[in-house]
Each structure stands twice: as C-alpha cells, then as structure tokens.
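Take a look at these structures.
What follows is a pair of complexes built around chain A, which joins chain B in one and chain C in the other.
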Partner chain A sequence: MSHEKINECVIPKDLHYSVEDNTWVRLNEDGTVTVGMTDIAQHLAGPILHAKAKGAGTDRKKGKPIATVESGKWVGPVKSPVSGVITEVNEKLAGDAQLINRSPYREGWVVKMKPEALDAELKEMVTGDQAVAAYKAKIERDNIKACNHIEGSDTY
Partner chain B sequence: MDNEGKKILVIQTHGVETPTRTYSPLFYAMAAAAMEMEVMVWFTMNGTNQLKKGEAEKVQLDKSSNVTLKTMIQMAMDSDVKLRVCQQSLELWNMKKEDLIDGVEILGATSIIDLSLNADHVMYF
Partner chain C sequence: MPIRWIDAGTVSDLRSQSIYHGLGYAQERRTPDTIVLATPESPYLCVGHFQDPARELDLEFCRKSGLPVIRRETGGGTVLIDSGQLFVQWVFQRESLPRKVEQRFETFIKPIVETYSFFGIDAKLYPVNDIHVNGRKICGTGAGTIGEAEVVTGNFLFDFDTEKMVQALNLPGEVFREQTRESLNKYLTTFGKEKRSQPDRKEVIEVYMAQCRKVLGRDFFDGNLTEKESKEMELIEEKWREEAGHFIPLSRPEERLLKIHAGVWIGQMKHAARGGFIESVIRMNENRIEFIKLKADAGNATAKDWNGLETSLTGAVLEREQLSDRLAKYFSSHREQGGFHIDDWVEALLRIRNEKKRVTGRE
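And then the complex of A and B:
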C-alpha cells in the first residue's frame, strides 16, 4: 500500500481519515468498512493497556464511541467515523491491545461496520494526498513529536 | 452491559500535598466520560487546593514525562467532565473565585446532596 511518512508518522494513502478524531476507514469489497486508530493516535496514547470495543450489533451514529482505549497516561473514546452497525470486533485486541500500537493499519483494526450513510460521510473525510496534507497541518498545529513505534511494529 | 448516559459523581478530597492521590480520580472520570457517561468531579476539603491557579502545574508524578496534574485536569475538561468546587471549602484555603482555574463552577453544600442523590454512582476519594 502506498503511504507517506510525516515526522515518522505513517499515513497510508488508500484509507479515508477523520483527521480530528484520528481514525481511519478502509472500504471492503463486501460493503462493510474496517475502522481503526491512526499511527498518530497510537503514538499520542502511548503503549495501550486495554481496548474495549462495543459489541457486534451496536448501532452507532458518526462521532459516537465504538471503543474505549486506555494507556498508562490516557483514556478516551475511539469515535466512529461513520454511522452504521458494528458487524465484527477485533477479538485479538482483548488479549493484546498493543496490536494497535504495533500495527495500527493492519492487525490492530478495531471494528468492522455496515455503514448507513457512507457516500455522504466519506465526503467529510480525507484520503490520498489530501489526507497527507491534512495530517501535515495537524502535526504542525498540535506540535506532535515524531511518532514513536514500539518493538515489533510494522515497518514501512 | 451498556452504561451509556449514567451519571457518575467523583468526590475528590485530596490535594497537592498528596500527589499520588490526585491523578487517579481524574483518570476514572475520563474513563467514564469515554464510556459516554455524564461525569462530574466535586472537589472539597483538601481537594480544593489543586484548583488554585498555578498549583496543579507543580504536581508531577512521573518526572520523565511532561504530564502534570494540570494536564490531567485539562484532559478531564476536554473529555466533557464537569468540575465543581465546594464553596465552603474555598474559605479553608483562603481562595476566592478569581483564584480558581478557568472552567470550574462553585456550588454549595446543598447542591452536592442533590447531585449525590441524582447520580447513579458516587465514587469517593
């Protein structure tokens, strides 16, 4: 997958991003979407201790939490970038929440959802070069230090 | 179990003289807020002194990190946790409204009783 690195933070260009909430969306062939936290999000949280997702079948409006994530220094929601129903939860996170740190865009996905208003909501997200530009601006604005990657992280 | 919308009231009676007792109540408040609960932290007794301008910045549990008690208070506010302080306890620390950090509301003793009765759960520290 084509990607860009800004300040050591990885931004795959094929994903759609809700920049303010630091989440990504991957469009799957079966009409579902996969949702996860960005590399910047895992960096800001630090090594994650617990990730608790809402169960399959949960109906979420965009912006509502699909999971709560906690590290030693932070606890907060993962806000849904789309409206829809959770169809699958990444069960691996229950036993190894640091999958989010090591592999935010692959093994560490959070939930899969059946979106309800995808076309409209995708327009509110950014992808490709537009996403890279948006994150570049955010990293500068929020003075985000170089992304830290714990041992065993995916390499790009 | 879905606890969305429930009301949690956290009562914090510890202040800057006991740093290790200051972070956790705010952390639990943030956790509850992340779980979509309505959360309020009520500062009283010694807890009040951490809301005095310039004090929370001095409390740093982990010297290797730049996170201070002020960071925790700000993160709680950013998570929509409401911060309230006991009016009577302000006098204990010779504090006036203008000594408080921004974003904290002052309430009296009768309010805390109402809030306790209306909360789904109260946590005392």
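And then the complex of A and C:
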C-alpha cells in the first residue's frame, strides 16, 4: 500500500478520506466499503479502551455515528463518511479496542457498509495526493507535532 | 468571541448532568462556548458511558437509599455527586479546544489547579486527567463529544461522603469493601480535609472565573439557557428516567477491579491454577503492593492462613522477577506452598496489574 508520512502520521494514498471527521473509506470489490479511523484520529484520541459499533443492518446517513469510542475518559463518535447500511462490524474491537491504535488501516477497521450514494459522496472526500495535501494542512492547523504509535503498531 | 458563563446554582440531581448534555445537543455553529457551574441539591451516582451500572453499583442499595443512577455520555468511572461538590462543565465548539484529548484535559485542568492553589492547596495535574494533592485526588474529570460540542467536566470537592460511596458500590466482599473505605479516606481529599474549613463557594467561583479568563485569554458574559437548550435537557432527563427503570441488580462479582485514583487500584482476582485456585485482594499504588489478602485452595492445602506470605509480599512491585524472588525466598523457609508452584502464585498476583493495563491501556 503506497502511503505518505507527515509528522509520523501515516496516510495511505489508496483510501478515500473525510478529512474533517478523520475517517477513511476503502472500496471493496463486492460493492461494499470498509470504514475506519485514521492514524491521526487514533493519535488525537490516545489509547482507545472501548469501541462499540452500531449493529449490522443499521441505516446511517453520512455524518451520523457508526460507532462510539472511549479513550482516557473521553467518549466520542466515529462519524460515517458515507450514507448506507452497515453490513458487518469488526467484532475484534469489542475485546481489543486498541486494534484501532495499533492498526488503524488494517486490523482496526470499524464497519463495512453498503453505500447508497457513493459516487456523489466520494466527490466530497479526498484521495491520493489530494488527501496528502489536505492532511498536511490539517496537521499544521491542528498543531500535531508527531503522531504517537503504541507498542505493536503496524510498521510502514 | 466571549464565553457564556452560566452559574446555575443549586439544581436537581438530573439537571446537574443534563445541562451539559442539553447544551451539547443544542449547539449550533453560532452558539458561544459555554462554562456552566452547578451543584446538585441531592446525591446521586453517575457511571461512565461504557460502564454497566449493575456491575458497578449495588442497585438495590441505591434504590433503598433513594439514590438515582445516571449513565452519562462522557467517559470515566463511577462517581458519587452531591451538594458537597461544585460541578464545572465546559461545552465548547470543536475548534476552541486542543484537538488532542490529553491536551484538552490539560487546558481544562489548569484553572482548577490554579484555583485550588489560590486557596493554599498544593494541587497538581496528575497525568492524564486527575488533580492530586500530595498523592491524594481532589478532582475527577470526564469528557466527550456530545452532539457537535466538545465537553469537558470536573469538580471542586468541598466535602465527600465516603461511606455512601462505599455502600453504593457493587463489591465482591467485605475485605474489598473495607479496603475501599480505607483507600478513599486515604487517597481522596477535599477543601474540607486540606483546609479544615471550607472556603465560600462564591469566592471559589470568582477565583475560578479569573483563572479561566487567564488560561483561555477570553472575555466572559453572564448568559442564560436558550429554549432549545432547555428542551434538550428535558429530553435527556426523560431518557435517563426511563433507562433507570431497566437497570437490573446483579449479584456480587467474584472478581473486581476498582480505581481509587490514577495511581491506586484495588483488585480481587480468582486465579484458576493447577489443581485449585488462588484468590487475592490487592491494593496497589504505582504498581506496588500496599495491601494483600490471600486465599488459596488446591484441595490438599494445610495452611490455615497466609499471613506470613502476605507480609513478605507487601511492598513488592507487581512484576514477574520481583514476585518470583520474594516467593522463592519465602517458600525456602516455609514448606507449605498450598500445593501450587511458584509460577502459579506469580500468575495469580500479576492478574490485577494485567487487568489494569487492559482497562486503561497504560502500565
């Protein structure tokens, strides 16, 4: 997977990003999409202790929560970058929420969804070099000196 | 943009929680950042978003004692909130606070620390989000994204009802309960304990406001709740009332891990070892054993108690090598190991530290 690193924050170039909400989308061959939190999101949250996704079958509009996570007394939503129905939940997160910290783009995915308006919503996301540029600006704006990675993180 | 300051005064138990939830859900782009101060008129128990009230609390005791139980939408653990506390709530626009959670807590905690300092209390940030005075906790915090708002809450402790808290918790047994009582008395402090007399709340509020102004570098204006915010508060109160009706009491747990503050934990673990079990109640401070009570049964055990071993282990750091050394030294002069290998004992004792790491993500 081709990627860029900005201040130790990893940005794979083949994913699509909702930059403001720090989520990514991977397009799957079966027409579904996989959704997760970015490396920057896991850094900002710190070690994630709990993660609970909405169940399979849940219909979500873009921007609505598909999961809730807790890290160090902070609880927050993972907002859906697309509209659609959740088809699968990453069950591993229930027992090991820090998978999101260790492997935000691989093992720590949050849900898979059947999108309803993907073409239009992808236009509102960024990918490739455009994503790298958008995150470079965001990292500067949010004053992120270096993304932290906990023990056992994916190596890039 | 100036910060809206709402001194809600004394409010109902539910309202002391619903204010910041309502403000969060009602927040729009033009809503000013808001700081709320409130004190509940009566006590209640409040659990974190990911906690199960039945596992945390003796719901039967709470019901008989008329103590409402609320599950808030922010993080953290179980707290008793009553009229001895001044509840501080920040409900801000997302971009008004640092994006990293750890830094957000630092910003929030600073004016509280400075306020305690003003009153002669040597309060300091204890990472990540506690405030301590010489190893004793004097403020708890919680945070969350509610609606579009970023919320951080904490409290000034004037007084604390240790006994009520001890009775309200769902704990495995009396050894654990007594340790909880002792630990709360030892590791939790208040204005009253530190200064013998409590300062005037009005004065605390004035000092706190001045410190917030200094830390945030912004002006304040006295504000009120909007109709939309009040409506959201009523909705969440209704939801909590309904939810409370579905909390079903659970029996006493066999195992339990309880945080007294970020450095001090009490745990009871029942470890299945070869041929039996080893049960331990341990209080650890910075991973060092401060108190330990052991029970072990391999079917052929002859030891009636483990007082000698408990004394030998007190003060040990909960790490494999040190525990192995202490156990080996003890059993070299005491033949009875309860039918267990030293490795069994080590694994049993390490369970509390491993469990703490699992639930906190930190060593």
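Simple rule for what comes next: the second predicted complex is superposed on the first by the 155 of 156 C-alpha atoms of A that agree within 3 Å, B and C clash if a C-alpha of one lies under 4 Å from a C-alpha of the other, contacts with A are read in each partner's own complex, and residues count from 1 in each chain.
Everything that follows uses one rule, which is that a residue touches a chain if its C-beta (ideal position, glycine included) is under 8 Å from a C-beta of that chain, and two chains touch if they have at least 3 such contacts.
What you are looking at is a predicted structure, and each value in this text was computed from that prediction instead of being measured.
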item	value
Three-chain arrangement built on chain A, chain B and chain C clash or fit	clash
Partner chain(s) touched by A:Ile100 [first = chain B, second = chain C, both, neither]	neither
Contacts of A:Ser71 with chain B and chain C, given as first, second, both or neither	second
First, second, both or neither for A:Leu49, with chain B first and chain C second	second
Partner chain(s) touched by A:Cys147 [first = chain B, second = chain C, both, neither]	neither
When both partners are placed on the shared chain, which of chain B and chain C touches more of chain A	C
Which superposed partner A:Met37 touches (first chain B, second chain C, both, neither)	neither
Clash with chain B, by chain C stretch, listed 80-88, 260-268 or 332-340	80-88
Chain A residues contacted in one complex by chain B, in the other by chain C	68, 70, 73-77
Chain C contact footprint on chain A (complex, rising order)	43-50, 52, 68, 70-77, 98, 101, 142-144, 150
Residues of chain B that touch chain A when the two form their complex	27, 30-31, 34-36, 65, 67, 75, 79
Residues of chain A defined as touching chain B within the complex	64-65, 68-70, 73-77
Complex contacts: residues of chain C adjacent to chain A	48-50, 73-76, 98-102, 104-105, 128-129, 141-145, 359-362
